[in-house]
Each structure stands twice: as structure tokens, then as C-alpha cells.
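Here come two complexes built around chain A, the first alongside chain B, the second alongside chain C.
Here is the complex of A and B:
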């Protein structure tokens, strides 16, 4: 297993680093950038939705905060919109804290519904707060640092973001935070009873997840050079992020990666070959996956190793 | 072991990806083949009617150009890109077109929202782009050296309209109602800026979300402001509904004015039928325009496509002619040369003289038309007018009586008192709330019994709407009567969905249920899209627009009927659950599924029955919506999904009476919010209440949950 990793990972790394030189067509590079963007988004969502089991359908709100940070910097100042990569995650933190405070007391479907409402409110604010967001008109961003016509620099930036995110997920899944989150997911009451600060850990998961999502949003604004509420804040975006994690396999590191690659690739292929029917095929696939492979393609939802989660946790705590 | 497999899998996927991407063509410029011009327009999606009108214009021009030997001795080839009425698709269409070095210029897109960011992309990639129809001033304000606009911008629309209102109609108090989009807000903003200079007072300035199902609260607010003229900046579906609902609430300004778009298409005359009469609109061109050749052109167009030409077709016809002329003068299809040639254009055309200023704007004059006798007739400016305008607009109550009884009488100001305004607001809120309740009830019983949050609920409402539409249009079945067919059919659909799909995830984690129902929603919406296209379908019942008046409050009869039927269905459902054996079984299962199972209740049957009932309620709501909203499109149910969630949370998950109360509370709150606070934040008010109830009192307003 270690050996396989040692061979495959460098191969993958070489492929990813060389990709824009092998694939010079702008469209191919665009698809690669989209795939990596969704790898980052899916992995970030997975920290909260997969590891901690909190099914959020409001992540578009965090993406939008990041995207609008870049866009507003560009439209209201002479600074570079790339600053949004820092400002977005910083601004999203208080937002995430309020969301967490409001929603984490809710369980199951109530939590999911609340996150939908939050995403919808973020969209309505962006639509109506015209002085700052430009409302429905949106904001056109002038390219900064890079020309905006060559895609290669954007590719390497999103590659770095995606690689860091996946590595972070790997570290979390193998570390204490990951165990605590999985304990919350599998039995919140028991986890609480043995002294785990469940709300604290859920908040941490939310903060990391929202921060990365905002970072990806800020990148998107710089890459796409246009934001409006329909593009960066729709419910469909939240749903898509969740779909790829679930189809790939919830709560695993490779699940969202696989899900993002498959879903983005297939949606581009469907769009090119089936035109109007593309979403229909997409929806049908979703139903098939849920019914026949409910754990997702990678098996999904890795249970805590060992006999019982709680025992394992005690061991983890004892080591502390 | 399994990890190796996964990584190999990843690599394989990456390679497939590479292979797919590689097939993209790499072409060198050649100077023998056809000359390629990229066209971006909306051939499918919400704006497809305009896109099709645009395509006719391109086809006309292309036939003429190639019929007379092409350009530079080479035929012209158009490379169409359908932006599916979506901004991001239009933007990537520009990138796609740029990539082929043989493409020498781009014309498009259709809408302002799609064109504004697309122009930035074209300018960045240094390819000439001619804008045929997008009016937002922002496009030429950016100073893009590669972008040229043929049509008049929003500021010119507004200047001419205000001039007509003050000089032609003598109306000073203006209400501006606009869709909250790039197009709507650019026209509205120009009106706000120019009104003081024109001596016009803006008494109401209201944005709305396009595609809303109900504009009664918005129009009530306008009515109370006592405006002399209303300026609607709207697309087709909304233009239709705004006019019909203006009639319903008996809104009688001196002038109903439209800012082009929805108010200027032949389809508007059909969709709004009698309510379109007397409306005026800004237009970029009319078939009876004074420029040489426009009449002959219109006749040729009509005989070719069997479709009345609107200005949208002329704009694209002229745009292609301009580009072809520029290539000929440039002597080469090289992009920079074509750009310089477009910049130097001097042309006299059926669209008037074409000349671009330093910002790339063509100084194009606009005209104003009025619908008279079911036709668009030019009434302004005076030099171009065919007929004098009929103003002030006759009162709704006086229309249809003895035509030709002379000019309509000067109207008394039809202001309403604040008490009437309040009553009107409450009434329309309550009536809308009845429909919300019916949708919510379906959702709530499904949740109560099965613990499934049905994300496909809105899509199922849409299915009911289509069923009602087809029953009415092809078999003449009245929408209220069609309940007898729609409800059992939807019940059967519900049972089938439950048995085949829902049943298998009942024991799965709740996230899988969410995603399965979301998947069903995606499939339903996109099946409708394939079968019926994104165009909305309209129907008009004989009692459409009929109203009853109580204490100065006007109530739409179809809405009142729908409300009554919704109440009756709720009552029957409630009695069924409380008084029958089957109802008791359902309630027992809702309270404790396992105990019910032990007591010998066939839980699977109860679950199938419940899901069927919930879907039947959604379908019934769809039927009742049709006589009120007149139209259906594949995404018609989407807004109702979120509303149903709010209703159910307000009333307590699983409670039928709660859903009834929740529906009416939501309807009234939205209506009050729209009239007294702001139409733009109407939906946000619902969300805030929703979050407050969820966090503070999750068992709902009535405090008890479950069926």
C-alpha cells in the first residue's frame, strides 16, 4: 500500500504539473481549472459535511463572500483583486461563526433547511445591496498581474489551492480533529457525554471549510473576471458541491477528488454531446448512485477504525 | 490494495480527460475558405423568443450577402453559439469563438446581462464585437476599443420616453417598475437620473425578481402612490402578468408605458391579449419606420419566415451587414483590420444611418408605439407618427363598452385610502397564502410519516401545472374541473415514485434522501425542458382577470376560487386523517412506526399512500395556480420549493393545521413586506422568519409537530 502510493503519487504530480503543456487547447485548460476548483470545493465541503456529518446546502454563501471580496476590492479601490484570496477567508470567518451559532443547534433536516435559507439570504443581499455589490448587474473585474487571456498561470494557482486542500483533508482525517469530528457524526450524544466539546469541533470544521470555500471563490472571481448573484450564489452551486462529495464517497479524502473529476468531466462531455439532455443524464446518474451505491464510488463514510468509535476515541484522548 | 486501485483509477480518469480535451481542433488561418463570423444569441432558455427573432435577422442578411457573391469573393459562414440565456455560457462562447483564428468578428449576445461581461472578454482577446441589442449603458461606458453597439442604449430609451410623457401625454407623476437585472436596472437608473431635468416626479421606484408568480402587492403599492404613468421595464412573461394583474386590481394610470423588450414583441399581444391594448412602448424600429426600404424589407421578412418582424430581427440583420461591409472595406478578414473598418463605418440602412462615435456607440434614434386594435402603431416622435396616441388610457371598467363613443372622459384620480391599501394587502396575502398552504401540506404529511424532506416538491407542482395546461388547451377542461383528473394521476405518480425510488432510501441516512429527491427534481425539470422547451406556455380562462369588489378592495375571482378549493382540500385531508381508519393508521405510523408495525399496520402501504397523498396535494396546487398565473415553464415550481419548506417549518413539521396557518402567515407577511417595506426584500423577509422560527422555536408556531 505504501509502495503503491510511492509510485502513483509522483506520477500523478508529474502529470498535473505537465498538463498545461500537454494540453494547449484553451478549452482543455479551462476544464482542468474547473475540475481543480471543484476538487478544492468538494474537499472543503467534505470536512464539514463528510467528516462531521453536517449536511450543509449553503456553501454557495461562503463561495460568494470570497468572490465578492475580490470583486469589491477591484471595483472600489485600486488594489489588486488577488488580495481577495486573503480578504475573502478573513471576512468569511465571522459569517461562518454566526451561521454556526444559528444552525448547529439544529439536527438533521432542520440543519440542512437552515443552511439553504442562509445561502438564499446571501443571494438576496448581493442582489439588493446595489451600492456595494452592483446588484443584478454584477461586477466586471479588470485582470490584474496576469493578462486574463492565458490560462496557464491560473491553472497553477488553482492546482496549488487544490493540492493544499487535499493534503489538509488527509492530515485532518488521520489526526485528532478528524477522530473528534467522526465521533460527532456517528453519535453526537455519546461524544458529548465523554467530554468532547462537540459544538467547538463542529465550529472548527465549519471555519476551515468556509475559509477554503471563500478562497476558491476569490480565485474564481480573478479567473472568471465577472461576478453576479446568479453565477456565484445560486443554490445549484451548493447542491453541486454536495453531489460530487456524495458520488465520490462521503467522509473519505479521495471521494470528493474522484467525484469532482468525474462529475465535472462528465458534465462537460454531456454538455458538448447531449446539449439539452445533459442535466437529465446528470440527475439520472445521481439517482442511480444513491440507490445502488449509497456509499459513493470509494465506499464512503469510513467508520472509525477499531471496534467502537468511543473506545477508539478514549485511546486517542489517552495519548494526548 | 484498494488505495492502489483508487490511484490507478484517478490516473485513468486523468488520461481520459486528457484524451477528451486533445480532440479540440487546432486550425491555422487560411485565406481560401469561407469567412467566419461568430454569432452568440439565446436559441434556448428563457430568452429564446428573442434569440429566434435575432436568428431570422442573421439568416436574412446572410442570404443577401452570399446571394450577391459573398465578401472578398468568399462566402460568409456564421458560427452560431447558443448561450442558453445564461451569462457564463455567453462568456465561454466568446472564448470558444476566439480560439478559432479564422473567426474574424463576433456579433452578440442577446441580453444585456450576457453581453456586458462578454464584451469584456472579447475586448481582452482583441476580437471585434458588434453588439446588436443589449441596451445597458455600462457596455459603451467602459471604453472598450474592440466593442461597437448598433442599438440605442438605455439612456436614450429613457430620454425619449420622458419627453413623450411630458410633451405627448402630460403626465408628471411617474412610477418606475423594473426587473432586477442588468437590463432592468440600467433603464431604471437612467430614469432616476433624467427625471428631475425633465420635470418629472418619480413617486415609486420598485425592483422585482423576474419570474415572480404574483405582482399584486407590488401593484397595490403603486396604486396607493397615485401615479399618472407607470414605466415597466420587463421581459415577456412578466410584462404579460403585470398587465393582467393591473387589470385585476383595477389600477388605472393615465399611461401604461413599457421599456421595450417584453412590451414590444408580437408574442406580448398574444400573451397579454386584451390587456395589451393601449400600452405604449419604446422601440428601436418599426415596420412603418421612415427609413428607406424598411417597408419592403418587412414584407420580404414576413413572406420568408411567416413571422412579424420586430426590432430584434432588424438589429441583427444590420449588425451582420455592418461586419460584412467592414470586411470588404478592410480587404482582409484580419481582426485588427476589421475593427478599424467597423470604426469607420458610414452606412444608410433600413435601421437609419449607422456611424460609431469614439466610444463605439451608434447614435440611433428610438420611437414610441402604442398597441391600438391589437397592433403596434408608431405614435411618437411627431415626424414619424402614423396615428395620434389614445390617451389617457381608458379605465378598465369602461373598456369594451360601445366602442367609438368618443374620447374617453378625463379620469378622476383613482387613489385608494390607506385603510383600503391595508385591506388589499391582507386580502391578496391571504389568498396567496392559501396556495402556499396546500403545497406545504403535501410536504408536511410526507415528512410527518416518512421523515423525508421532499426536495422534489416544487418540481411536482410544476408537473401538475403542465397537466392542467394540456387538459385545458387540448381538451378544454376547466382548471378547477381538471383537479378530478390531476389529483388521482399525481397520486399514482407519487405511489410509483415511492415504490420504485423513495422506499429504498427510507432507512438510509437523511442526506441520501435529500439527494435522491433533489435528483428526482433535476430529472423532472429537465424532462419538462426537453419535452416542452424553456419557453413558457400561457393559457387564458374565460374568467381570467374577473374581479369582485368589497369595500374598495378588488379580489381576483380565480384567486378567490383557488383559495376556497385549497381550503376544502385541506379540510377533507384533515377529516380523512382524523376520522377514517386509514387516517388513523397513517397517524399511528407517524407517531411510532415500529409500534404501528407490531400492531399489524402495513407500514409500506401507509408510506406509499402518504407519499401519494402529498404528491396529489402538490399537483392540486399546480392546477389551482394555472388560472392565477396563466403560465407554466419547466422551472415554474422552483420558487415554491423553498416556500413550502418555510410554510412547513412555520407550522411545525408534520402538522396539517400548522401548514395551513403557516401558509397564510407566509403569504400575508410577504404581501405586507412587499407593500410597506420593499419588493426586493420580500423573499428575504420569508427567509428571516424561517431562520428565526427554526432557531428559536423549531417545533413551529403552533408548538406541536407531527401529523
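Here is the complex of A and C:
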């Protein structure tokens, strides 16, 4: 396994670095950029949702803070919207602290419900604070540094963000922080009993997760050159981020990566070939994966499911 | 010298007084048994000491410093480990990882935490189950894992809640041997809560405290306590 990784990782790196020259079609480059964006988003969410077990459905709020940081810099000043890559994560930290303070006193489904409320609040603020956010009209951003038509520079920027995020996740999963977050996920009382400051570690996970999500949001604004509440702050975005991890494998490093590649690729393919029926097929596929590979793709690939799904289905039917 | 000093400890849950003006001490290196029938207040005492519950009144001093009002993780880092009566393994993690998490309490270094976890694994006789998922263990092994995880944090004092419950005689014997080793090989002070198994109390403890309805009704050497009239009454009735 380790040997396989040692050979395949450099190959993957070469492939990713060479990709924009091999795939010169702008649409293909666009899909790659989308995939990498979601690799970063899924991996960032997974730190809080997968490792620490705090299932947030409000990550669009952090994404929106990052996207609007870039957009507002562009509309209210002469500075480059790329500054949002720094400002977004900085601004999102106090937001994350307030979210943590408000939501971490709740457990399980109640925590998740509270994060949905946070996401909706962020969307309503963006919708109504017209002087700053432009309300429902949104903000158009003039491209800065890069022309906005050549996709290659954007590809390398998001590749760097995604690579750093995945590396960070790997480091976390191997060290003290990762084990402490998993302990919090498995049993908070046990975690406290062995000296883990559960509230403190949950906040840390949230801060890291929100920071990267805001960074990705700032990139998004610079790439698409337009933000409005319906695009960067919908509940659907929060759900999509979560699905990456669930499909790929919660609490694993490779899970969100696999999930992002599969979901983004399949949604693009379905959209091209099946037009309006694509969402139906996409949804059906999701249901099938969740029923038959409940541990996610990484869990399923580790121990090939064999007869287990059949048994599960039979058991599920028998319970009826 | 008293490592742990409890004075006038009282806990009321509404109208019920679960622990009533309890005073006792645990001395360095000894094994102290707190015995008492079901509902006597043993678990509440452990929860009060480890910060999972707040006392209504009373003082708890560990190495001369008060523990009252401190959070459970602070108390754990101060050097008090505990096990839970209803075992709480980190279910999705392996036996080794459960212990490793405990070891990380004292170090940021993965290598050192790994070494502490390996030695704790060997000390508690769980080495053969190293890579098993905690959720797959039978009850006796889960209890042992509770102790191992706690020991990995390198505590000075461990509170063992219901060490014998649910164990068959062979497993019970093994549990006793392990508790004896705590003091003799690791110098860890142990306070063990036991419901009734008297021969266990005899063989393992230096001193015994008997609780009934939250009150201390007897204290002393195992032999003295076993023949105490109040103790016999508490267990067998008038």
C-alpha cells in the first residue's frame, strides 16, 4: 500500500502539473478547476465534520464571507480582489468563533440545525445589506492580475490551494490534533476524561475548516468575477460540500478528494448528455452509493463489500 | 501524605442527597476501595472528583490544590485518571488508537505517544488485541481498555468505577492482578469502587471505605470493616 503510494503520488503530481497543457480545451480546464475547488472545500469541511464529527450544514456562510471579501474589495476600493485570499480567512475567524460559541453547546442533529440557521442568516444579511453587498443584484468584479479569459493561471492557484489543504488534512490525521478530534467525535465524556479540552479542540477544527473554506470562496470570486447571495450562499452549496465527504468517506484524507472528483465529473457529464434529466440521475446515483457503500468509497474500496450490501438491503426490507 | 483529600463532600439531586458530608483521603501509593450497595453514591463521588458533576458543598483537594469548579480535562491533566462504570470506548478507533489518544495528553510527539501506548498495551495485557476495533471487544477487555487509556495519560491517581461488575470469576481475578500491579509496578494510587464482591476487596485494598445512602458508615483495614456491624446491616438488612 505504502509502496503503491510512493509510486502513484509523483505520477499524480506530474499529471496535475501537466494537465492544462494536455487538456487545452477551456471547458476541460474549467471542469478541472471546479474539481480542485471542491477538493479543497470537501477536505476543509471534513476536518470539522469528518474528524471532529460536527456535521455542519452552514459552510456556505464561510464560503460567502470569502467570496464577498474579494468582491467588496473590488467594488469599494482600487485594490486587487486577490487580496480577498488573505482578508477572507482573517474576517471569517471571528465569524467562526461566534458560530462555535453559539452552536457547539448543541449536540448532534441540534448542532446541524443551528448551522443551517447560520448559513441562512449569512444569506439574508448579504441579500439585505445592499450598500455593501449589492443585495440580490450582486457584485461584478473586474479581473485583476490575470485576464479572466485564460484559465491556466487560475488552475495553478486552485491546484496549490487544494494541494496545501489535502496535505494539511494528512498531517492532521497523523498527529495529535487528528486523534484528539476523533476522540471528540467518538465520545466527548471519554475525551474530557483523558485531558482533552473538547470545546477548545472543536473550535480549532472549526477555525481551520472555516479559514480554508473562506480562502476557496475568495478564489471563487476572482475566478467567476461575479457574486450574489444565490450563487455563493445557498443551502445547496453547504449540502454539496458535505456530500463530497459522505460519498468519498467521512473522516478520511482521500475521501473528500475521491468524492469531489466523482461528484463534479458525473454532474458535468450528466448535464451534458442528459440535460434536464441530469439531476434525477445524479440524485439516484447518490442514493445508491449511500445505501450500498455506507462507509463511503474509501471504506468500500478497502474491504470490497461483496455480499454485505445485499444483506443490508435484505435486512432493511425485512424490517419493513 | 494524602494525595487526595475530600472534606464534607455533599451532592444533592433535587430532594435526593446522593452524597452526604463525605470526608476521606487517598494516600500516595495505596489502593483504596470504596464499597457500597447499588445506589450508595460511589459513581457520584467519582463524578464529583473528576469534575463531571459539581458538588453542592464540600472540598476536594488534590496535591493540596482545590479541584472544585475545574473542568474534567483540567482535572485529568492535573493527574487524575478515571474509568467509567458503563464503559465508554472510542468505538470507531482500534485498541491501540484508544490508548494512543490517552498518551497524547502528555506529549505532542507522535513517536513518544506511540512508545507510551505500546508499553501501556503490554502492561495491561492487551497487546494481542492491538488492532481490533474497540467496539468489537467483549466486556472484560473493554474494561481493561478503559484502564489502559487512562493509564496512558500517566496519572498519579486513578479512579476505577465498578471494576468487577459484569466480570466472571476468572476475569475478576485478572482484573485484581492488574490493579495490584498498578501500585507495585507503576506507583499509581488507585481508588476503586466495588459493589459487593468481598474477597476482592480483601485481596486488593490497603484500606476500605463503606458507603450507604451517600454516607460513610465504616472505614479501616479490610478485616476490620468486614466484621463491622453497620456494614453487615447495610448489606444484609436488620
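The criterion applied here is as follows: the second predicted complex is superposed on the first by the 299 of 320 C-alpha atoms of A that agree within 3 Å, B and C clash if a C-alpha of one lies under 4 Å from a C-alpha of the other, contacts with A are read in each partner's own complex, and residues count from 1 in each chain.
What we mean here is this: a residue touches a chain if its C-beta (ideal position, glycine included) is under 8 Å from a C-beta of that chain, and two chains touch if they have at least 3 such contacts.
Keep in mind the model is a prediction, meaning the values are calculated, not measured.
Which of chain B and chain C touches more residues of chain A is settled by the count: it is B.
Using the contact criterion defined above for the overlaid structures, shared-chain residue A:18 touches neither chain B nor chain C, since it reaches no partner.
Look at A:269: by the touch rule set out above, it reaches chain B but stays clear of chain C.
Of the two partner chains, chain B is the only one that A:258 touches; chain C does not reach it.
In the superposed pair of complexes, A:196 makes contact with chain C only, with no contact to chain B. In the superposition on chain A, contact of A:124 is made with chain B only, not with chain C. Of the two partner chains, neither chain B nor chain C is touched by A:86.
In the superposition on chain A, A:179 makes contact with chain C only, while chain B stays out of contact range. Once the two complexes are overlaid on the shared chain, A:31 sits against chain B while remaining clear of chain C.
Partner chain B is touched in their complex by these residues of chain A: 1, 4-5, 8-9, 11-12, 15-16, 19, 22-28, 30-32, 35, 49, 55, 57, 102-103, 105-106, 108-110, 112-114, 116-118, 120-121, 124-125, 127-128, 130, 135-138, 140, 143, 147-149, 224-226, 228, 230-231, 239, 242-243, 246, 250, 254, 257-258, 261-262, 265, 268-269, 276-277, 279-280, 282-284, 286-287, 290-291, 294, 298-299. Chain A contributes residues 174-176, 179-180, 182-183, 185-187, 189-198 to its touches with chain C in the complex. Contacts from chain C toward chain A in the complex involve residues 50, 52, 71-73, 76-77, 81-82, 84, 88-93, 97, 100-102, 104-105, 107-108, 110, 113, 149-150, 152-153. Touching chain A in their complex are the following residues of chain B: 1-4, 6-11, 13-14, 16-18, 20-22, 24, 26, 44, 87-88, 91-92, 95-96, 99, 113, 116-117, 120-121, 124-125, 136, 138, 142, 180-182, 184-186, 207, 209, 447, 451, 453, 501, 504-505, 508, 510-512, 514-516, 518-523, 525-527, 529-530, 642, 645-646, 649, 678, 680-681, 683-684, 687-688, 690-691, 694-695, 698.
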